[in-house]
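Right after this note come the structures.
Both complexes shown next keep subunit A, but they swap its partner, so subunit B is in the first and subunit C is in the second.
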Partner chain A sequence: MTTPNYDAIVIGAGHNGLTAAATLARKGKSVCVIEKNATAGGMARNTTFANGIQAPEIAHLLYNLHPKVKKELGLGSVRAPLEVRDLPAVSLSEDGNHAVIRNGKAELADGRPHPETAPFGELMRRLTLFAGLLGQLSTKSPPSLEDGLASLDKLTELAGLAKLGLDLKRMGKKDMREFLRVLLSNAYDLILDDLEDGPLAGALAADAVRGAFAGPRSPGTVFSLMYRLGQGGGAQLPLGGMGAVAAAFETAARAAGAEIRTGTGVARVLTENDRAAGVVLEDGTEISARAVLSNTGPMPAMILAGAEHYDVEAVRRMRNQRCKGTAAKVNLVLNSAPKFKGLSPELTAGRLLIASSATYVERAFNPAKYGEMPENPVIEAVIPSLSEPGLAKDAQHVLSAVVSSVPYALEGGWDEAARESLAAVTIATLEKYAPGIGALVSDCQVLSPACIEARTGAPGGHWHHAEMGIDQILTVRPANGMAHYRFGPEGYYLCGAGAHPGGDVTGLAGRNSALQLLKDGVI
Partner chain B sequence: MGQHDRFDAIVAGAGHNGLTAACYLAKAGLKVLVVEKNDWIGGAAVSRSLHEGWTYSNCSYVCSLLRREIVRDLELPKYGLQVIPYEGGASFDSDGDYFAYMSDHDALRREISRHSARDADAYDRFSQTVIRQCRFIRPFLLRNAPDPTSLKPRDIGELLFLIKQAHGLGKKELGETLRFWSMSIGDFLDEHFENDLIKAHIAGAGIIGTGLGVYSPGTAYVLLHHYMGDVDGAIGAWGFARGGMGAISNALGACFEEAGGTIVTGSGVDRFLVSNGRVTGVALANGDEYHAPIVASNMDVKRTFLQHTGEQYLPGDFVKAVKRFKIRGSSGKLNIALDALPEFPAAPKGAPFLRGDLHCAESLNELERAYDDWKEGRWSQNPYFDMLIPSQIDPTMAPPGKHMMTVFVQYAPYDLEVGGVRAGTNWNGQTRGAFANCVFDKLEQACPDIRSKTVHAEVRTPWDIEQEVGLTEGNIFQGELTFDQLLFNRPVPGYAQYDTPINGMYIVGSSAHPGGGVMAAPGANAAREILRNIGRGGNMTGYAA
Partner chain C sequence: MTKHVPIGLIETPFQPRLEALSTAKSWTNWAGYVSPAMLDTVEFEYFAIRNQCTLFDISPMHKYRITGPDALKVVNRLVTRDAAKLRDGRVGYVLWCDEEGMVIDDGTLFRFSETDFRLCCQEPMYTWLLDTAWGFNAEITDESQDIAALSLQGPTSFSLLQDAGLQVVAEMKPFDWREIEPDLWVSRTGFTGDLGYELWVPNGKALELWDRLWAAGGHWGLKAIGFEALNICRIEAGFIAAGFDFQPVHTAMRLGRGRSPLELGFGKMVDFTKGHFNGRRALLKQQEAGLRYHLRKIDIGGFKPADGALIYHKKKKEVGHVTSGVWSPTTKRNIALAEFKAPYGESITDDLWAEVYVNEEGQWDRRLVPVAIEEKPFFINSRARATPPRPF
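Right, the complex of A and B next:
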């Protein structure tokens, strides 16, 4: 074999794969990242239209980038420059009384105070407090359920849990009781216990279920809302588009010494004596390594290694994993900046939400359950070129829209006609708030969950690789008995969003898996 | 004040939980009064003759959850309670076929194989899981829910018991248990089975009485609430109380009176009397007052505190918590007097499974769509129902040769939407009739001659159940069985041990742990707490001691 040997190979250059590679490389390990696409970045890449205008291909905002990852990788430093801008959230209302959320506070689009400023503030206080508490669990492997106190690891883990318990106690009886009550509850009731059902409630409900196969009435959605608020809940627009985020992760990984090979994917993982030994690329090249980390979804990771390396239970669990994506991406090229009723230019550049009430969000999800196209979808839209005029080209702007409640398994399949019909639904929905926007559209790109799966390998096109339901988090993510990143053959690790703590551009799954691998002494 | 109106304890409401608590208190030597607003006792466990010659179990209709420890303690068979087990059940599809459920293992496997050979293999694994989960949870039913924020030795003890039980499952099982508790019944069934009819048949038990759909997380657990009952020790077996569900209440009533208790019917509690933070008695709607240092309410928490207790006696946070406690009416009922047994053309003549629970749901999506209707304030246009003809087994329910049918319908909203307004008062003669018609249309899928055999039909909406029984929104569980309202969160965090902010006042109904169903566990557990608090715990006999 003439190919070089590495300590570790990472399959997939999504942000978690890059983070894992950077983390290992920083510890002096030789690492190679294999990416099937021509560029690194996974869901955090830019796309370029025919006229040369750039747009975020899939993800378009940063919410949850973890400070630890940011610091360790030097994201935003000279080493890996990344500049972001905080965006206000504007929850649109057909009557023009748009609700604006800025730094966790509610106001109205015309500058008047929002009548629900106080209850909203109190609700956010509690949720961010609880989110911070749960966040303690996100930077390590999840607590295991294994018996015995024999090892040092076990004691460290218990100490971590004890700290969590202590912090829980320290909140005071009232907040602690509230935490234990709402933890597994549904977002719809939680929100409407304190707020009138309108755009403000709708904004929270939409944030609770974006990307999830759930409506806000589903129990467990308070957890996903808290997860979303892990870093305070504010949305940040990366300057230079989402591609700049991918570039920053890539630069950080390279700076740490990792090698990145793009353009050819991994065909399978090599194993010797039930140990990961390297990978075979799609072009037949074999690359050997002492450890392999997979940034793919859990099921694809299992298939790459070969199901024969897993016990029957594990295979069954993977097959039953819930990963039906519900978020589609629609990019609209507009001939000029659109005008939204009652929005200032500053707010038009914000994170625009179409979620006029929590009930609207629940209703929007109904058709997705039966594989039907949404009629009145929830939309999160942003026009990056309004914040960064350099991105506009010939006065043209791109409106980047995440359209929720779009089924992966559409009845009849995702063909060209279905994608066109999704674009039409999206434009018709926007038209209610920005009359005339449809006439501005000169080009458009539609990625259904099925397209997202094809481009990124995320199972079901699911943004989090696997549903963040309470039956699939912490100790049972991705599945019971597989929660510690070790994934089948010895030396094979799962480092993507399908592992603890889950999705969003946090970098934590990648970081944690690399640390677990080092701790296990594999390399 | 005469001697007659002073008691050791008063129970407001003669539902099965109120009566159970009253029995335990009276048997421990207390002088106990039960007051009931209706002219009859039993709450939602009643047998009523609403059409001459027929007896209806017109609210709850089958017996499975009633804890046998309690039946034994109170010697209910001595007071006339006789539970007749029934076997099996079936779901009919629109193509003229059916799936029959039977308790004989081999017969069931053959029947499942008829629909899917793969599912027949899957069934064993499915039932093992369900039985294991039932066994895990059963010990908790008759214990207090620990308060995790408390450092009292008893709470810590209960918490340790919970941990010990959980630990005893072993690592793998514990993971599976956590997952099971947080899953939807739909996902759970999709994991095991491929056949739609089989899945739909089992799924009903996960949603009955709840404001949740088959794909709502947490409904797999609700399935347990229906499976963990035991008639003669067989998990999941069901039975009819001979003479209707009222037989349970009547046995409890007789036991209570023999123990020296007093029951006053015909006037309900107008308000609970409170003085200096202590309950002192009750004032009835007819003006009568009764006094006692202990008052236990069998009404749900909303009714107890928001309608019959002055808010000035309660902490603001408590009132707020009670207001946000979710009690959602989601089911209606048809009770039908039949001239003769209807024909079931799909089933073999005289098939034993016709004596069980019958359904017409064909797929999980159909059930989920039924839920979508309910969310919008409509009754399900294609409803799920649980239909039984108890007179086939218990001849006391109808005149000779005639039959009685009970049809439990999911979903029917309490706050029915008419012309953009959602309100319980929208249930009137017209909407009730339309609802019944919708159910009859679906019933015809199983028995096309049902309309011609019907002599009389009583239509019960959530609104009717609230008006008659007093259950808020007509919710059969006195509160949704969701995670935020179970164990130490039921009914209100900090008050999960039957106590209330008012000294001497207790909650004994299904609003309290472990929740609804004709189980009698909340009543028995509450009685144990009361006796312990007054230092009389030593006088108790049976499990509660």
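Right, the complex of A and C next:
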């Protein structure tokens, strides 16, 4: 047998793939990342419009980048420069009484205190406390009881769970009881227990379900809200656009010694004697390796290796994974800065939310259930060029909008007309808060969940590669018996958002996967 | 087409003949079909199997067809042995497992060709086969309602077939499988460990087949039988039965009730070298970690059938139980299949005792009788394998 070309091959240079590669390379392993697209970064790339205008193609903000990943990869250091700016969230109201959330505190757009400052503060205190508690589980493979207590590894895993239990008790009886009460419930009830059903409640409800095939009344949305609040709930705008984030991850991976090949995708994963042995590229090139990590969704990863290498039950679980994406992306090039009713320029540069109430968010999800286009969608918009004028020229600006509750499987399919209609819905919705914005639009890019799937391979175009439902998280992510990143043949690992802990630009799935692989002694 | 009888069971195509022959009126439910437990008396039927020849209606067996370019791949993904080594026109005993390596069911695999197989088994398996074939270019057809089959077993069975005009079966070796007339397939298989054949026809030709065999049977002592007599023979032959000697894991409600093929003593039927098959990784792991149970053939002292008896080591420690036990009239021994907790039954085989309760005219007595592990089937007769079969 010839010597393998690499210790490990990573399929897909999304941020998790790059994190996995960097983590392995930092341990002295030879790693090659294979990216189908011409550039690395996956969902965290920039797109360029005419006139050289830069806009975040898909993802546009950092919510959840994990400090461990940041530190280990040196993101934001000399090694991999990255500058970010904290943005306040502005939940828009048609009457101009916008709610602003800054550093976890509520206020009004005109600077007056929000009447619900106190209950909101208390709710956020509890939720971030709980989120921090659950966050303990995110930096390791989730604990499993599969083989009993026989091995030291299992005991170590359970120690993590035991610590969670201990910390839970340490919160005090009142908070512990509340945690257990709300954990599996729905965000709608939780939020409206404490808040009036207005823009402030709407903002939390929207954050709870962004990217999910769920409305705030769906069970399990308290968990997804806590997930979103994992790093405190703020949002950061990367300077240079989301592409700068991709570039930082790429730089970190290269600095650690990983090789990155772009432009040709992987056609299949090679196995020998039930062991991952390398990959065959789309152009027929074979590259051998002792381990293969896939940053694709779980089902595509399985197809790459061949379903015949998986037990029937595993295939069935993958076939039945829930991964209907609901987040579409609309990028609008504007001829001048838009004016939102009652917003200062500083707040206009913030994270703008159209989610006037929790009920609005729930209703917005209704059409998606039936494969219909939303009429009044929830939108998260940001105008990066206001914070960073260099991104655009000639007084032009880019409005980047994540439009929620847009069905992946639109009735009639996603054709040009459907995309135009989504753009029209988006502009009409923005028009209610920024009259005249439609007239400013000079160019427009619409990415439906189906387009996002085509561009990135994310199953269903799903934000998290797989729904973050209670049936698909922790020890059952991506599925029962697969939570340790090991994926079928020995030496084949999942390292993307479809694995624990889930999506967002956290870097954790990639990092945890690489660490598990090293712990397993595969390379 | 199928007729329901008042007790909620379906009749097989042979029911008109069975009904007429039944003096015992003892019917049982076999996979939703009405099936005779016995037609006459168990003793008459048993001795007919071993000394004459017998007909048993095996139509209630589930039958599935696996066809298409990837049929062999699907079969090999399903079963633990290598179906590539099974030649066309041959039948193989197979087991298949869930992802934990626990046996879902066992059955017989009939190979028409690399692209065409039939699987016969006890348990309904259609959705499992569909799931197994997902992603492969193969089609699964449920033939259970279309194909009728009779098991003709016993030392005079070949002679009977000769008289029925089917003398071409003479050249068939055990586990051969041929279409000897249009729409009539014969396999030299059975559940008795003796000379015997199974005959397969479309439902519409079932009664014609029965009548043809019956007409030739008088001289050869042909008798129709029920399950009870057959069950004695299969234990004598050392064959395991689903639901008795192992619990098909998909029907088991409780955790840990499944058994692996290794634990059932079928290590030789598991081919780890053929590539991935369902449960392979779990079975490798189990092989490494050690088996939990051993299913063994045992000889039990005395003559009291010990079905269900607990087994003790040194008369003290409970180490297993009998899964199928009978008095074997042919070998004149008290025989059984028994499950032991490892390492009993494998590395510890001495000082084993079965606990038997006997009722002596209203007075119960508890006895511990010695247990000896047997390696070979209890009933072995060279006529079972002779080709061509010796005329009786």
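By definition in this document, the second predicted complex is superposed on the first by the 518 of 523 C-alpha atoms of A that agree within 3 Å, B and C clash if a C-alpha of one lies under 4 Å from a C-alpha of the other, contacts with A are read in each partner's own complex, and residues count from 1 in each chain.
Methods note: a residue touches a chain if its C-beta (ideal position, glycine included) is under 8 Å from a C-beta of that chain, and two chains touch if they have at least 3 such contacts.
All values derive from a computational prediction rather than experimental measurement.
After overlaying the two complexes on the shared chain, residue contacts for A:His309 are found with subunit C alone; subunit B is out of touch. Touching more residues of subunit A than its counterpart among subunit B and subunit C is B.
Contacts of A:Gly481 after superposition: both subunit B and subunit C are touched. Contacts of A:Leu123 after superposition: neither subunit B nor subunit C is touched. In the superposition on chain A, no contact is made by A:Leu391 with either subunit B or subunit C. Of the two partner chains, neither subunit B nor subunit C is touched by A:Ile287.
In the superposed model, A:Ile191 lies in contact with neither subunit B nor subunit C. Shared-chain residue A:Ala368: touches no atom of subunit B or subunit C. Within the superposed three-chain model, A:Leu347 lies out of touch with both subunit B and subunit C [touch as defined at top].
Judged by the touch definition given at the top, the superposed model places A:Asn320 against subunit B, while subunit C stays out of reach. Subunit A uses residues 481 to touch subunit B in one structure and subunit C in the other.
Listed in rising order, the residues of subunit B touching subunit A in the complex are 148-149, 167, 171-172, 174-176, 178-179, 182-183, 187, 190-191, 212, 215-218, 317, 324, 326, 365, 368-369, 372, 375-376, 482-484, 488-489, 493-494.
Interface residues of subunit C facing subunit A in the complex, by the touch rule stated above, are 73, 77, 98-99, 128, 131-132, 134-136, 275-276, 278-281.
Contacts from subunit A toward subunit B in the complex involve residues 145-147, 169, 173-174, 176-178, 180-186, 189, 193, 214, 217-220, 320, 322, 362-363, 366, 369-370, 469-472, 475-476, 480-481.
Only residues 274, 307-316, 319, 481, 489 of subunit A touch subunit C when the two sit together in their complex.
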